[in-house]
Each structure stands twice: as C-alpha cells, then as structure tokens.
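What follows is a pair of complexes built around chain A, which joins chain B in one and chain C in the other.
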Partner chain A sequence: MVTLAIAKQTLEDMLRRKILLILLIVAVAMIALGPSVGFLSPRESSAVLRSLGLAVILLAGLLITVLTGIQVIPTEIERRTIYTVLSKPVQRYEFVLGKFLGGLFTVFVMLASMGIVFLGVLRYQEGRFSPDMVMGVIMTFFQMMLLGALAIFFSTFATPVVNFFMSFGLFIVGNLSSVTESLLENKNVATRAVATLVHYAIPNFGNFNIQNKLIHPQVVIKNLNMFIMQNVAYAIIYSAVLLILAIIVFDRREV
Partner chain B sequence: MAAAVSIQGLTKTYLDVWTKTEIRAVDRLNLEVEEGEVFGFLGRNGAGKTTTIKMLLGLIFPTEGTATVLGKPIGDIGVKGQISYLPEEAYFYEGMTGWDMLDFYARLFRISEPERSKRIQKALEDVYLDPSAWRRPLRGYSKGMRQRTGIAQALINDPKLLILDEPTSGLDPIAHAELRDIIANVGRQGKTVFLSSHQLPDVELTCSRVAIIHQGKLRTVGKTAELTSGDTVEIVYKGGDAALLEKIRKVVGAGEQSNGLGRVPGVAPKDTNPIVDLIRGAGAEIVSVAPHKRTLEEVFVDTVMKETGS
Partner chain C sequence: MHQATRRKLLLALLPLAIAVVFTQSRIDPVVADMHRGVKTPFAGLSTEFILGPLLGMQQAVAGLLWVRADEFFHEGDYDAILPMVRMVTWLDPHNLDVYITGAWHLAYNFTDSSERSDRRYIPAAQRLLEEGDANNPTVYDIAFELGWQNTDKIKDYDRAYYWYKKCAEERKGADERGEMTKPVPMFVWHQLAHSLTRLGRIDESIDIWRKALAMSMKIVREDPKDYSKRNVRDSERHNLELMLKRKYSRYTHEIDWALDSKLPSTTDPNTGEPSARDLYVFKSAEEARQKQEQYRAVGQNPPALSVGQPRPPAVQPPWETAFDVRPTFTADRVLELKGQFNVGDGARVTIRLHDENWRPPQLKAFTFTIDQSVTLMQDQHSVRQGIWGRKIDMSKDPKMYSFTSDRYFLVFEFDPRGTSPFVQDRFGWSGEGMTDRKYLTVESQKTPPNRILRKVYRITRAQVLRRAPITEKDVFPADRYAELQRQTP
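This part shows the complex of A and B:
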C-alpha cells in the first residue's frame, strides 16, 4: 500500500511536468506526420514509417526515462518533501521502490500513448494491424525499465547532472554490445579484459534493439519468443539487482 | 510520567571537506521530554535544533549517543506511526489539492477507507482551513493555508508526539496567532508537542517547559514559569520625598520618583523588608510589591550571551 501510494504520487507528479508532456507531444506529432515521409515505393514507405515510428518512440522514451529517473528522488530532497515522507512509517526500501515504480508507470503511460498513435497510423496507412510493432514497443519499454533502474541507482548518490551523463553514457556503451562482444576474442589481453568487463558489467541495452529484425524480414531470429523472453527476464533481473543496490546505498544515506 | 523523548549524549559531527575540520552540530546533548507536555526547543539559527530533530526522526544518524522516542530507539518504524513532523518551510506537492495531499500522507500511515476520509475531514477542520480550498491545488494556497495544511498532515494519524520545526515562521500576525492557538489546542488534547521555534512569545505562551541549545550544547532547561520568574521584586509607593529616595538608593542602588509615585526595581529578597520599612517609616504608602517577571526573550538572550561571553 505504501509503495503504491508513493508510486501513484510520483506518477501524478511526473505527468504534471511540462518537459515530459512537450516531449510526448513532439514525439506523437512526429509519428503522426510519419506517412508524409513515405514518398518511396509502398514497401520502402512501410519500412521507413515503421523505422521512424520505433526510432521516435525509442528516442522520446530514452529522454523521458532519463529525465524521470534522475529527478524522482533528488526532487524530493530538494523540495524537502522527503522529510514528511520518511518521518512517517515508511521503510526506505518502500520509498525507493515507490519512486522506481512511479517513474516506470510514467514511462509506461508515455510509451503506451506513443505506441497507440504509432499503431493507429500504421493501421491507417497499411489497412491492417501490426502486432510485430507492438513487440517493438514492448521491448523498448523493458529497455527503458532497465535504464530507469540504472538512473534510480545513480540518483541515490549522484547529482542529477552527473546522473544524466552517467545514465546516457552507459546507455550508449550498453548499446554497443555487438562491438564489445567481438572484442572478447581480441588477441590483446588488456583489450579483452576491458571488453569483458564492459560487456558483462554494463547493462546490455543493445539486445533490446529488435527494430532491424522487425522491419526487415530478411533478418531472421531462430526463436523470436525465446529471444524476447530472455531479454525481458534479463531486464527484470538486472533492474532488481540495481534496485537492491540503490536500496542499500539509500538506506545509509542521510537526507 | 514516562519520557516521550529521551536523549543521552547525542552528538552529530560533520567534516568540513575544505578545512578538514570537524564541526559539532550537536554536542553530547542530554534531554528528557515528558509525555503530554508542550516542550519548547530554542536556539539561534545553526544552534543544532533541526539536526537534533532529524536525528530523532531517523533522517540522519548520530555520530555518538542514543535516544528513544516513545520508549523505542530512534528510527523505529512502529513508533513512526505514532509521531508526526512538520519540517521548517516544508514544500508540499504543489499540484496536489489539500485533500489529496492528506490522502497521500494518510496512506503512508496505512489508514484505510472510510476511516481515511473521516480523518482528513477532521484534520482540515481542526486547522480551520476553509472548505472551499480543500479541493484546490496547493500552488494556489497562501503561506498561512500551507502551514495549516502542514499541521493537518501532522495530525492525520492522531499522533502521540508532534514535532514542529518553526511552524509559525513567516506568517502574518493573524495567521500566526491562529496557528499558535491550534498548537496550544493540540497540547490541551494531551498530546506531546516538541516545538522548535524562534518565536519566543509563542513559546512562552504555549510551552510548559523549554530548553535552550547553543552551539550544539544544551545550556538551559526548565519550566517556563520558573525560568521567567525573576528573583527580585519591584516596589511601588505613593508619597515620600527626596530624602526617602536617597535612603532607598543607598540600599539597593536604584529607584525613581515622579508625580508622587516612587518605583524601586530589582529589589533582592534580603532587601525587601528593609525597603518596605524605610518607606513606611517615612510616612509613605506601599502601592505594590510585585515579583519581577522576565520575558523568555530576556532569559534566552541572557543565556546565549553568557555562553558567548558578550
């Protein structure tokens, strides 16, 4: 009950943030205007529309997730509202979880809004429903869940500005998993060691990028369902670990 | 009577990273607050009041010493259900309405419906918040309305102990007086109030005991009435001449006479009878012999100045 109350308050607070609403409006407008870009052949036009839609959702989702994740806890401290919350019978882990869930609900609402518009545009343009694109949006959501947990973890000890760059930086490095994976076979021991560390310690955000597979039929995944389930499980487990670390740090933090 | 707050040797030090020196915000503080009393916690800015409160609430951790709140160690979650806190210049969730804000805090106390709605209504009524404002966002509230809502959130769990940090600062005189009355009312309900404030007249009116903290150390603690009751009397007489005044001044070193009335301030107990005899002996009439009462402000200033050597 306490965790959900904090999550609900966080969601409502975040949905009042103008910056997030502006991001959502811009993203929805770009998705809605997508068909006007389709000046190529119908097949190419469809690919461009899908590619653009998923890219816009990813980019907007990324900004929304980072802006939410870096703010939810520091804003409470800055506004001193945390004093009235933690002086009540609220465990610190309930506070961290509530903040994370509130941020996650915010990202969900934003991604769902963009996703619905995207699917509506596709339906209008192609005359049929595209369930594979739903999968693309869902994968983006889990990718953002992992990023949100990372930002929450950093927010327990870093300032919002530092957190912004750390989260963004790790998101970019984590998206280069194919590069680090190839370096695991490098002959140079030092390179191999660094690549191993980066590949396994930093969240593997690249695995969630299934846009190519969804947009281009020639890219084949042997078992798509297994691939998706593995990535969802990875996101949940990695997020749980990050949240446990966040709770451990926050439990010792003076506010 | 049991202690609502019991502090033993509580110390909080910070390290100044630039000068590498240790700053003692609170220094071996010992204090007992009895259940059911309205207790004033006084000190200058930076004296260590808020640091002490934050340690009692488990928001920051003591470097040394221990404390119990309602008989349990600080930070105990069960106890937190029985206490409430209004921080200094608290900023609440601006987009929420007064009602929604209390609903949120009531949920943190795990109060279920329909009890929750009843408590919210009662708390808002207890602080005299205009019902037309209950469903309006806090961003449109005046400072007085915010403080009332702040007190209401502190009353929502029907607490045994209320910790209020500067609840009346920055309010206009009317809102100030109303809020002071609300706090006094809470005290009359038998709740323990731990009031940290700079508003010394408020503390004098509402608190049965006070403690003065300066540079992190406890300097004075006692009943308000005892601290403010001076140990001298003031004698006023009618009649008498310049010769009488001269004799009085020789005994106590003070005295004045005008329009037929004489006034002798600061008469020590041992000098009271001789002065009264002098006045009577000169054929003048005693109008009053009244104990001189100090204000809490005088007590506070004397205590702090004595410590700083000024």
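This part shows the complex of A and C:
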C-alpha cells in the first residue's frame, strides 16, 4: 500500500511537470503531421508513416523516461522532502519501488496518449484500424520500463546530469545488440569475450525493436506471441535485478 | 535493512542474472532473423542521421532518407540517389520499394545525351535486386522484378525464365505450405508463360497458359462476382488461344486467312483451343501445287506434297534476309551506320560497341561504383523498307564512352526471339523461317536452337577516332565472338 501511495504521489507530481507535458504535446503534433510526408507510393507512404509514428513515440518515451527516472529520487533529496517521507513508517525499499512505479505509470500514461493519437492518425490515413501497431507501443513501454529501472538504479548514487548521460549512453549501447550478437562468433578471442560480456551484461534495448515486423508485412516471426512474452520476461527480470541493486545501494546511502 | 535481508537480495541476483542470460539467448536467433541484412549503425550515415539508428529508429531514418531520395529524383540529381539507396537498404532491408525502384533507377535512368542507357549499371541493378530477394524470401515482388528486368532491359530470357519460375512455382509451393506472407498473383504465371515463349519453348508455354487458366477458372468459380478475377481468366483464355493459333499458323499450316477466319467456330469455348480438324492438310491438288511453286521461287526443290497430307510449316522454305551493315566513323567517335535487312518494317537491329575484353560482369556484392574506363554502348534501330541506319554520336559523353581501350567489338544483331509477333509470324519464334548467306549464327547450345543474325567487327581505337577507316577486313567471326562473351570475366 505504501509503495502504491508513493507511486500515486509520484505520478501526480510528474504529470504536473511542464517539461513532460511539452514533450507530449510536441510528440502528438509530430505524429499528427506524419501524413504530410506521404507523397510516395501507397506502400511507401504507409511504411514511412508507421515508422515515423513509432519513432516519435520511442523518442518521446525515451526522453520522458530518462527525465523522470533521473529526477524522482534526487529531487526528493534536494528538496529535503525525503526526510519527511522516511521519518514515517516507510521502508527505503518501498520508497525506491514506489518511485519506480510512479515513473512507470507516468510513462504509461504518456505512451498510451501518443499511441491513441497514432492509431487515430493511421485510421484516418489508411481508412482502417491497425491493431498490430498496439504491439509496437507495448514493446516500447517494456523497453522504457527497463530504461526507467536503469535510471532509478543510477539515481541512487549518481547526480542527475551524470545519470542522464549514463542512461542515454547505455540505451545507445543496448540498441547495438544485433551488432554485439554478431560479434559473439568472432574469430578473435578477445573480441568475442568483450562482445559476450557486453551482450549479456548490458540491457539489450534492441530486443524490443519489432518495427521491421510491424512496418513490412513480409517479415515473419515464427512465434510472435512467444517472442513478445520472452521480451516482456526479459524486461521484468532485468528490471528486478536493477531494482534490487538500487534498493541495496540506496539502503546504504547517507540521506 | 538487515544484513540477512541484504544477503538474501544479493543471492537472489544470481538466479535472476542466469534468467536474463537464458532469456537473451532465446531472443537472439529471432532478432537476428528479423534483422537479416541490416547493417546499422555503421551504414555510412552522416552525423545528422547517425543518432536515429543508434536509438533504434533505423526504419524511420530509412523512411526519411527515401523521402529525400524521391526529392532528388524529381530534381534530376540522379547521382545523389545511389548512396541513399545503399543506406536505406542497409538500415531497412525489408523495404521492397527501395530495392525495386533503386534497381530500376540504376538500369534505366543513367543515360547519355541521346537517352541511351548506361548499361554499365545493369550488373549493379541486378545485384541489388538479388540482395533484396535474399533478404525477403517470403514475398515474390523482387524475384518478379528480376524476371522483368531480364526480359525488358537485358533481353536475357534464360535468366528471366529462372526468376519467373522461382516466383511462380517455388513460391507458389511455399505459399501452399504457409511460408509466404502474400500469395503469388496470376500475372507471375503469365510472365512465366511469356518467358517460355521468348525461349522458343512453345509447348511448355502453352502448358503454363492452360495451367494458369485452370487456376483462374477455379478462382472465378469460388468468387464469380469478382470482375477483376474474371478479367484475368479472360485474358488467359485469350492468350492461350493466341498462342495456339500462332503455333498452328507458324508451324503447321500455311497462313491462310480464309481458313483461319473459320477457326473461332471450332474453338473450345472454355480453353480457346482450336480444333485441328482437316484445316491443316492440303485439300486439293491446286493447294499442293501452289506450295511447290513457292519453293521453286526461292531456288529450292519442293518436297513431295499431296492431297490429304499435312502442310509443311509456313516458315519453310527459309527466307533470305540479306542482312548487312556498313559502319563508318564520320568524325571522332561519331558512328554512322547504313544497313540493309530484307524483313518486315519494324524489326529492330541491336547495335553494341564495347571494349574487346569486356564481359557481362557478375558482382559478388552490390556496389554502385562502376568502372569508368569501360566503354559500353548499346542501341537499337528499326528497319524501314529493307534499310536501316543511324548516326551515333559518342563524342558528347566522355564519361560513358571513354574509349581508353585499344580494341573494341562493334556488333550488329537481330534476335528473332525478342522481336515483334508480326515479324515472328514470318520467321517463327526461333528464326526457323529465316536464313542469311553471310551472317546467320545458330545458337545450338540453346534448346531449341536459336537462329540469329550477327555481324561483328573488331576495330581499333584509331578507327574510333577516325584515324583509319573500318573495312570488311575487320569483320570478326561471330561464333568466336559468342564464345569469348561466354567466358568468365
């Protein structure tokens, strides 16, 4: 209950942040303007519109997640409101989990808003509902969940600026998972070792990119449901690892 | 937090980490398969675009690049499009339109000042399509485009047949096994039949038309109100009927419009197949005598012909085409041709000038960089009233025609398989009805053999620059030329 109460308070706090609302408005405007580039052939227009829409949702989600993740705990410390909270019968792990869930709810609300607009634009442009695009938004949500957990973990010991660059940097490296995966069979032992470490230790954000499948009907994933479930499981398990680490670090931190 | 709780949490990390590695190992093969052909983020992008792929938005960047490439196309900046095509296909190897449009652009749009294609780009166009087909094996689109480019641009009907067959039969089978993401449309079968016709394999072509018609009739039975499906069926019926009529008229009886006009009444209403009945035999001694006179008129002894006997093919005796050409360089790199060809108006002669050591290259990997030192010019000219001629000015386009080699082949060809139906009505599909005292070449390695006309000159750079005339002493054996062209570059 305590965790949920903190999460609710965090959500309300985040939704009052102008920067996040501005990001949402800009993203929604960009999605709505997507059809303006549709002067190619119908198949090309559809691919461009879908890829642009999903990219805008991803980019806005990325910024919202990182800005939320790097702020939720340091802001409480900076404003000294954390003393009030922790003086109550609130465990530190409940505080960390509450902040994480609050951030996650914020991202969910933002992604859902953008997703609804995106589906509406597609419905208007193509004359039919595209339920497969919901899958893209869901995958982006779990990608952001993992990123949020990473940002929360860093926020337990790093300043927001450092956290921003670390989270952003690891997101980029994690997006290169197909590159690191291809290096796993490299003939050079050292390269192979580094690639293995990077591939399995760093969160593979590239796993969640199913735009190929969503944009091009000819791309086949043999068992799509299983693939989605595996990615959801990956996001949940890895987030759990990061949150445990965050709890351990935050527990020992002098506040 | 108690020490014990902390220890438990730390211990919990171990199975979770193992679960992460296990899950990742299950995800990897699916991701690798989905991203087959992707070369990102090292896709040669400029700095303003590189961030997109790094953040996992390669499809969006590819889409924007393609929009930009479209703008370049409309501005006429063709050279700028090529690197963008490469980048887009690296970022998004499942974008079919980029492969197809990019290959069309390479094969057709680079031209000299007289709108002759720069054919040095054709191997690159083919390789790009082959790469696209390998990256998208669950659709027919790119394989179909390979068939079409080989038919329309390259005139390599063997390769066209290979790709159409792959499209129609292999992918039809894959479609039935549920491995394709969209069904193979009937026009693929139509092109397969056309490619067999171009190869002179007429009975096989007719079989494909029959097969296509049977499929369409089944489709129409299932959905009788669909107008477009009925149209497809009707076009197949028409093409089958046309093929059978042509086969009979070209090979089994004299062209006789009085007789042919009666054919529809004996045509099968479903398949369009005409009945042989007694239309193709000599019905009177007078008909046999007329045929014998035709043989004598061209200096040949007629075979024994009698009433009731099937008439010999319309293409016999072969027609003397008197094919010839006199090429002259009237100025530096300006070629003037004066030719003769005893054939119906509209037959087209192919003219090709290329480096002596040039062979059609087979690219192992796609590159849009071509060897600028190679000279390769190809053109066609129509025959009018038995003569043909053209002035070909290559001096205005030194980038396409650098003439850096010392020796060149200048080739003039007529291939009956690529010509119009009204010319084939006279000569048959494989030139069975034509002959030439000087320049007939029988391509016996093909089945059935193809009878083409080919005159080849082997000339020097000095002759191209008009420092020496071209004479008949420069004529090179056509068989030897064909043998050289078949050698691997």
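FYI, the second predicted complex is superposed on the first by the 255 of 255 C-alpha atoms of A that agree within 3 Å, B and C clash if a C-alpha of one lies under 4 Å from a C-alpha of the other, contacts with A are read in each partner's own complex, and residues count from 1 in each chain.
Quick note on the criterion: a contact is a pair of C-beta atoms (placed from the backbone, for glycine too) under 8 Å apart; a residue touches a chain by one contact, two chains touch by 3 or more.
All values derive from a computational prediction rather than experimental measurement.
Enquirer: Quick check on the superposed pair: does A:Pro89 touch chain B, chain C, both, or neither? Answer first, second, both or neither.
Expert: first
Enquirer: Where does A:Lys213 make contact in the superposed view: on chain B (first), on chain C (second), on both, or on neither?
Expert: So A:Lys213 only meets chain C here.
Enquirer: Touch test for A:Thr81: chain B only (first), chain C only (second), both, or neither?
Expert: Touch status of A:Thr81: first partner only.
Enquirer: Is A:Met1 contacted by the first partner chain B, the second partner chain C, both or neither?
Expert: first
Enquirer: Go through the superposed model and pick first if A:Ser51 touches only chain B, second if only chain C, both, or neither.
Expert: In the superposition, A:Ser51 contacts chain C only.
Enquirer: According to the contact criterion defined above, which of chain B and chain C contacts more residues of chain A?
Expert: C
Enquirer: Considering only touches as defined above, state whether A:Ala233 meets chain B (first), chain C (second), both or neither.
Expert: In the superposed model, A:Ala233 contacts chain C only, not chain B.
Enquirer: Could you look at A:Glu12 and tell me whether it touches chain B, chain C, both or neither (first, second, both, neither)?
Expert: first
Enquirer: Just chain B (first), just chain C (second), both, or neither: which does A:Thr191 touch?
Expert: neither
Enquirer: Touching chain B in the complex: which residues of chain A?
Expert: Where chain A meets chain B, its residues are 1-2, 5-6, 9, 12-13, 16, 79-81, 83-91, 254-255.
Enquirer: What does chain A use to touch chain C in their complex?
Expert: 37, 39-41, 43-44, 47-48, 51-52, 54-56, 58-59, 62, 92-93, 171-172, 175-179, 181-182, 199-200, 204-213, 215-222, 227, 230-231, 233-234, 237-238, 240-241, 244-245, 247-248, 251
Enquirer: Could you pull out which chain C residues touch chain A in their complex?
Expert: So the residues of chain C touching chain A come out as 1, 6, 9-10, 12-13, 16-17, 19-21, 23-24, 26-28, 30-35, 38, 40-41, 52, 54-64, 66-67, 70, 92, 94-97, 136, 138-139, 181-182.
Enquirer: Can you name the residues of chain B that touch chain A in the complex?
Expert: Where chain B meets chain A, its residues are 54, 57-61, 77-78, 80-81, 83-87, 89-93, 95-96, 104-105, 107-110, 153, 157, 163.
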